[in-house]
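Here subunit A shows up in two complexes: once beside subunit B, once beside subunit C.
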Partner chain A sequence: MSIVTVQLGQCGNQIGFEVFDALFMDSQCSQGFCSKRENEAYQASCRERFFREENGVPIARAVLVDMEPKVINQILSKAAQPGRWKYGQHACFCQKQGSGNNWAYGYSVHGPKHEESIMSLIQKEVEKCDSLSGFFIIMSIAGGTGSGLGAFLTQRLQDHYSNALKMNQIIWPYGTGEVIVQNYNSILTLSHLYRSSEALLVHENDTIHKICAKLMNIKQISFRDINQVLAHQLGSVFQPTYSAEGSFHYRRNPLGDLMENLVPHPEFKMLGVRNIPQMSENSLAYSTFTWVGLLKHLRQMLISNAKMEEGIDWQVRPSLPRLPPLNKLSLNREQHFNTSLANLVILRGKDVQNANLEGFKDPALYTSWLRPADALSVWKTSRAFNRYERSAALVSNSQFFVRPLDTIVGKAWNMFASKAYIHQYTKFGIEEEDFLDSFTLLEQVIASYCNL
Partner chain B sequence: MGRRRRQVREEASAWAAAGTRTLPDAIAALSRSLPAGPSPEIFRRAKFDRPEAAPELWRLLFRVLSPLLADRAAASPGLGAQACWVKAVLCYHGYPRSALAQLPEDGSQGSRELLLALSWLLARGPLLEWLLAQTCVQLGDQVPTFEYEVLAIPRLAAPQMDAEGPVDIRHLQWLMGKLHFRWQNLISIQQEQCALLSKIHTYTFGCHSDQNLGHLSVTETETLRDPEGSQQLLQVLEQENARLEAALEWRRYELVFWQWMDTVLGACPPEDPSVPSFQPRIPEHGRGKLELVARELQALKEELQVLQKLLHEEVLSRRQAWETRVGALGHGPEWSTSRQDLQQAVEQELLALQQSWKQDRYPSLPRRRHRLVKIEAGAAGAQGLPVAEVIRGLKSQEASLEVVLCQLQGQCRQELARLVGTMPGLIWILPPGR
Partner chain C sequence: MTQSVVLQVGQCGNQIGCCFWDLALREHAAVNQKGIYDEAIGSFFRNVDTRVVGDGDSISKGKIRSLKARAVLIDMEEGVVNEILQGPLRDIFDSKQLITDISGSGNNWAVGQKVFGSLYREQILEKLRKAAEHCDCLQCFFIIHSMGGGTGSGLGTFLLKVLEDEFPAVYRFVTSIYPSSEDDVITSPYNSILAMKELNEHADCVLPIDNQSLFDIISKIDLVMSSGKLGPSVKPNSLVTSSARAYQKRQRGRRKPFDAMNNIVANLLLHLTSSARFEGSLNMDLNEISMNLVPFPQLHYLVSSLTPLYTLADVNIPPRRLDQMFSDAFSKDHQLIQADPKHSLYLACALMVRGNVQISDLRRNIERLKPSLQFVSWNQEGWKTSLCSVPPVGHSHSLLALANNTCVKPTFIELRERFMRLYKKKAHLHHYLQVEGMEESCFTEAVSSLSALIQEYNQLDATKGMPMEDVPRLRVAV
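The block that comes next holds the complex of A and B.
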């Protein structure tokens, strides 16, 4: 089943390009550490999901939307190289003027004005799928085009394609970002997306920046480096995996399975990704890992809310099982223990059937009202990803984002209390009421996650 | 004259001889036509209530009463569970003899009683035909229509789920969400299946020998592509044929079987009237609820009676008023003809009302299986049930179910509002709406 990607704004388009590139390069890779037949099945599954064929050339199932033509033209030319993949010829929508980082402009003006053209582009791409699993919508939450237009489009997709799933890949802005109204934009985007999307997969710029600096040893970190790390993370989640324990057929609907296991509850939709190992290409050939080591680190990354495998706080430990729930809650809060609602662990590479996941089945990791058997899902494949002999990814619905969300809401509230810059929004139809609704919704989300 | 008398005598003696000779044939035909039918020897032993015949008969009854469950061989429960379930289902269907309830639950005894139960089921309704229809081999692609009867079979008891203390509502919301996603997945898979079926039908147009059908179904295409697989299909068809032939044979010898069953019934000890009739075990908290329900039913019955009386009185008074008004009018010839016309018009209207009422409440959908055939638009001579009619039927079903859903949701909302009213100082914050 196929996934159609909608790339929004400068951020969304650049990331989208890197994602398709990473998926394509991985599927082409002959060093899969598995049999040729396995490799071919993997390739076929990946191609069917994210690409379609036209005259032997793979075409990405994507729609590109931006209010300025510059970025789209750049990536169109980067993609159309011989022997690689392309974007569809008429899959782009651009305008000549930007949105000036104004969420309200993107939501109330650009959205309705360009709705028909964009939706018809999406419709054409959907018709070329044999069966549609859902949509990826890649956008930032702090800018103007991506955030406002993205919120509007997600709502329209909800109305038009009520049976299709939507996962918004959202880029969390830098804490010390440049856009002054980024907190307003963020809270408005998040609250609107929470109402119309099924899952929000959050990628934090700060986190990925640190990964580039510490793990990949990149001196001058460009956006391209960040986007490539992000693409690697997404690829490690959505590349094909076996459909069941002991099966050798690839899973047909990873998006649906992921959503069913991680976000069935309407109040808990924020997902985070953690990868292990992550390193520069040069170091790849010299490193070897065991499943035991990888899973131990991944588990500790989960419970201590570490962003990467370096600098993990090993002092954070799950509380004793016999404690009554209320004591457990306060103890966990004291040591900043990250309680999970549900987790998805994805293992790729050699001897994947020997990997022992008992550590993740500990009930202390999870909230009291969900048993580990219901909360934990595991996907496997013996085909290695991106030439990492063994790699593991974790998609987690947990308290990862309680603090960042609380910070953003706090900052936005302070600005709102002094009515700073509100006129930019009310000018285009976003009233103070809408702000208050957003604050209420997000406070509710924070409270729900805190009470896990 | 003499020749005729001789013929009659010959016929009578042939019939008498046929009685004893065809009983084994009859029983053999019956067991061949049943799924997993036991050997005729088991039947004979059951007449004498031999214990070794009991397990096979328990299994047979289980298989007969739950053809949908028994397909999944892996989920086959133990003999004790099967016996328990069979007893419950037979009671549910109204089996009159109390001796069945008293049989031990380990399935070791009671073969004669089970034989009687089997023949009771056979006599009640078209059991064989129903069983055969369940396992009928389909060569065409089927139209899946919503079947109410599937829901009427009582299910095997789910594993004991003790709700220790209050259930966390977040867990319920979690499960509802999962159900919602699985539902969506099912719908998209069905849509994909339809698209692919359409492709196959279009590609194989003109390949079928039967002009009315025109194209091949999936099964037929598979047999062309994979000759070894078609051998299996052939085997299955042959098995089904054998069962159908056995069923026809059974119909011929049925009378002999019933005569024999009379003797089986005669061999049973007389029913002990002091033994209480079958009563299912009700758990403690269930008993209280049942009492409430019984009281509610009683109250409703009384209300209904009162309403009926009122209605009756109302009708009577109105009729009298009408009579007094109408009685004054003339009884001339033109009056009688106009009255006849009026009567006819009223009858027709009543009929139309009844029809529309019946259609609204039970929108008729085809019960028989129909093969899915793709035809050119506007092609003449199309047989069978047109898709448009099925769609209409399904839409009206959907509409009536939606109405019921809205009503139930409204009731839930009212109940919630009432509960909120009883708790002062409680603030509802609704989750972000889906």
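The block that comes next holds the complex of A and C.
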């Protein structure tokens, strides 16, 4: 089954390009540490998901949308390099004037105005899939086009393709220094997506920036570096894995399986990714890894809510089973233990059948109302990913985002109380009540996650 | 991509405009060496085949034939505009873009606003419509004028209202040159206050600039150049003021360095629009400026600073010097009006970077500078940033900082004091009141509009240093 990717705005388009490039380069890589036959099956599966073919050239199953032409022109020329993959000839939609960091402009002006053209582009791409698994929508939540138009289009996709899944890859802005109205734009986006998307896969710029600095050892970090790390993380999730233990067939519907495993309740839709190892190519050449070591670290990253391998708090331990959940609700208390609703562990590489996942099966990691057996799923392939002989990724529906979400809602609420910048939104039909609705919904989400 | 139209009004506006077009041409020549007309050039210029008789249809693609500035030049005297038409820039304007008169506004806002306003309204409108028709997506009008005189101040602000009525969706960015305290126009406080009311009501963003600050910046550059210590190592063409040739000319002439001063303002406009015109990893379109920097409609005055003022000729930039560029942008000496943002309250701040600078450089400097700056309680993270990969000609990198900051207030207060000194004595009032449509109430309304603005800044200043408390959050049932 295939996934149609929708790249929105400057951020979504820049990341989308890096994602396709990472998927393509990995699938082309002969160094899969596995048999030739297996490598070919892996390649074929990756192709089916993300690429189609035109005259022997792989074409990304993607639609590119932006309200100004510069970024799309730039990545089209990058993707035009010979010997690689390309975007479809009619896969782009751009306009002349951007949304100006105004969610209301993207949602209420650009959305309705360009709905028909964009939806028909998407439909054309869908028609080229033998069977559609769903949509992967890449957007930032801070600006105007990705966030506002992204929220609008996700709703429309929900109306038009109610059977297809929608996963939004959202880029969480830096805590400071990107867009001043980012907290307003973010709460409006998140609340709207919560109503129309099946799952939000969240990446925080601050986290990835730190990974670039600490793990990748990059001195002067560019957006390209950041996007490449992000693409690597996504690749480690979405590249093919076996459909069942011991089988050599690849999973056909990754999006569907992922949702089924990770989103058991519509109140909980925020997914985070952790992966290990992640390091610069130089260091990689001198490192070896064992499954025991990798999984021990990954598990501690999960329960202590560490965002990367460095600086993990090893003191955090699951509490004894069934103690009364005292103070669990309070946000003010430093939340040490990260409780999960559901987790997916993805293992790629050598001797993957020997990896022991007992540590992730501990009921103390999970909320009480779901059977631990249902809360953990494991995907595997012995094909190595992106030159890492062994690597593991974790997609988690847990309390990862309680704090970032609480921060963004808090900052937006403080600004809302002063009424600053509201006039910019009412100009395009987003009223104070719309803000209040968003606040209410998100406070509810925070409370629900706190209560896990 | 979008386009902008520049409206240069009055002597000062036209002189700055002239510098702007000169620099804009140089910049595009440096960036676009193949001579192909592209969208970046198209934002300020149209490409015209002059061999075709008549209007010279715009050509949207292909080789550059003949560039025409997207501009309307307005002056109620002929001197400056004629000079431009005889100078090296004559080919980028044609007579259809000009409006001149011979009598001048006599340093009287009322003459500019009321007399020439009604006399030339239709003609101006027609030329504006023509300029707008040549654009396929007009986003912004840039008005360049001075506050102290008659034409720029009166007719310039008259234009704002016309633009608001006729092109409500197009942004109005105003570059206003404020008179210094020893201005030789005696009625400049009247003109400025009357103009301020129009700016308050009809502009989207105002970039206030004063002559004294420009003059001080030039003096500082001259000092560096002539001290000999750095002189030989300063890269030619890298002065924010102009080329080295202009510097030498200035040394001979010993006049007030208006050319160099105007060049700073022209550079400001180029930098402001660079991220909208050229590629970058973090774009900032013009409509993002007011969205991010104007929290309340009236508080749309942005204090600007440009750094570095010159670039030294060695090839490598140590991070230390890059960081200096950020530090300088917040110092009192680099602001384009007499203001001290560091000791006042920030409502919002934008850092627009050009050249070889990455997001990690930007973040490091924000973290470094943040502790020394005060932001209003509800906008503690009030930073907007952009990265444009094309540096200005002669530089490897540069920075424009835009601050919505209460430090503009002293300029306004001083202006009001100078106004009151004249107004109490009713000095020169009759020159204004004899103009049809002018009444005393125009003066009282203008001064109360300014007072209301000052009051808003006062209220914000009063929150400075107050303990910050989070607003109680919404409670939800669990």
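Quick note on the criterion: the second predicted complex is superposed on the first by the 439 of 452 C-alpha atoms of A that agree within 3 Å, B and C clash if a C-alpha of one lies under 4 Å from a C-alpha of the other, contacts with A are read in each partner's own complex, and residues count from 1 in each chain.
Criterion: a contact is a pair of C-beta atoms (placed from the backbone, for glycine too) under 8 Å apart; a residue touches a chain by one contact, two chains touch by 3 or more.
This structure is a prediction, so every number in the text was calculated from the model and none was measured.
Engineer: Do subunit B and subunit C fit side by side on subunit A after the overlay, or clash?
Structural biologist: fit
Engineer: State whether A:253 touches subunit B only (first), subunit C only (second), both chains, or neither.
Structural biologist: Once the two structures are laid over each other on A, A:253 reaches subunit B alone.
Engineer: Which partner does A:97 reach: the first (subunit B), the second (subunit C), both, or neither?
Structural biologist: second
Engineer: With both complexes overlaid on chain A, does A:133 touch subunit B (first), subunit C (second), both or neither?
Structural biologist: In the superposed model, A:133 contacts subunit B only, not subunit C.
Engineer: Tell me which partner A:444 touches in the superposition: subunit B (first), subunit C (second), both or neither.
Structural biologist: Touch status of A:444: both partners.
Engineer: After superposing on chain A, what angle in degrees do the C-alpha centres of subunit B and subunit C form at the C-alpha centre of subunit A, to the nearest 10?
Structural biologist: 140
Engineer: Counting residues of subunit A touched by each partner, does subunit B or subunit C come out ahead?
Structural biologist: In the superposed model, C touches more residues of subunit A.
Engineer: Touching A:79 in the superposition: subunit B (first), subunit C (second), both, neither?
Structural biologist: Touch status of A:79: no partner.
Engineer: Of the two partner chains, subunit B (first) and subunit C (second), which one does A:180 touch, if any: first, second, both, or neither?
Structural biologist: Touch partner of A:180: subunit C, not subunit B.
Engineer: After the superposition, pull out the minimum Cα separation from subunit B to subunit C in whole angstrom, please.
Structural biologist: It is 7 Å, taken between the nearest C-alpha atoms.
Engineer: Residue by residue on subunit A, keep only those touching subunit B in one complex and subunit C in the other, then list them.
Structural biologist: 444
Engineer: Show which residues of subunit C lie in contact with subunit A when the two form their complex.
Structural biologist: Within the complex, subunit C contacts subunit A at residues 1-2, 39, 136-137, 139, 279, 281-283, 285-288, 290-297, 348, 358-363, 366, 370, 377-385, 387, 470-471, 473-476, 478.
Engineer: Within their complex, state which residues of subunit A touch subunit C.
Structural biologist: Listed in rising order, the residues of subunit A that touch subunit C are 10, 14, 68-71, 74, 96-102, 144, 174-181, 209, 212-213, 218-224, 226, 329, 409-411, 413-415, 417-421, 423-424, 439-440, 443-444, 447-448, 451.
Engineer: In the complex of these two chains, what residues of subunit B are touching subunit A?
Structural biologist: Result: residues 168, 170-171, 173-178, 180-182, 184-185, 187-189, 191-192, 195-196, 429, 431-434 of subunit B touch subunit A.
Engineer: Which positions of subunit A touch subunit B when the two form their complex?
Structural biologist: 1, 130-133, 163-165, 191, 194-195, 253, 256, 259-260, 263-267, 368-370, 374, 441, 444
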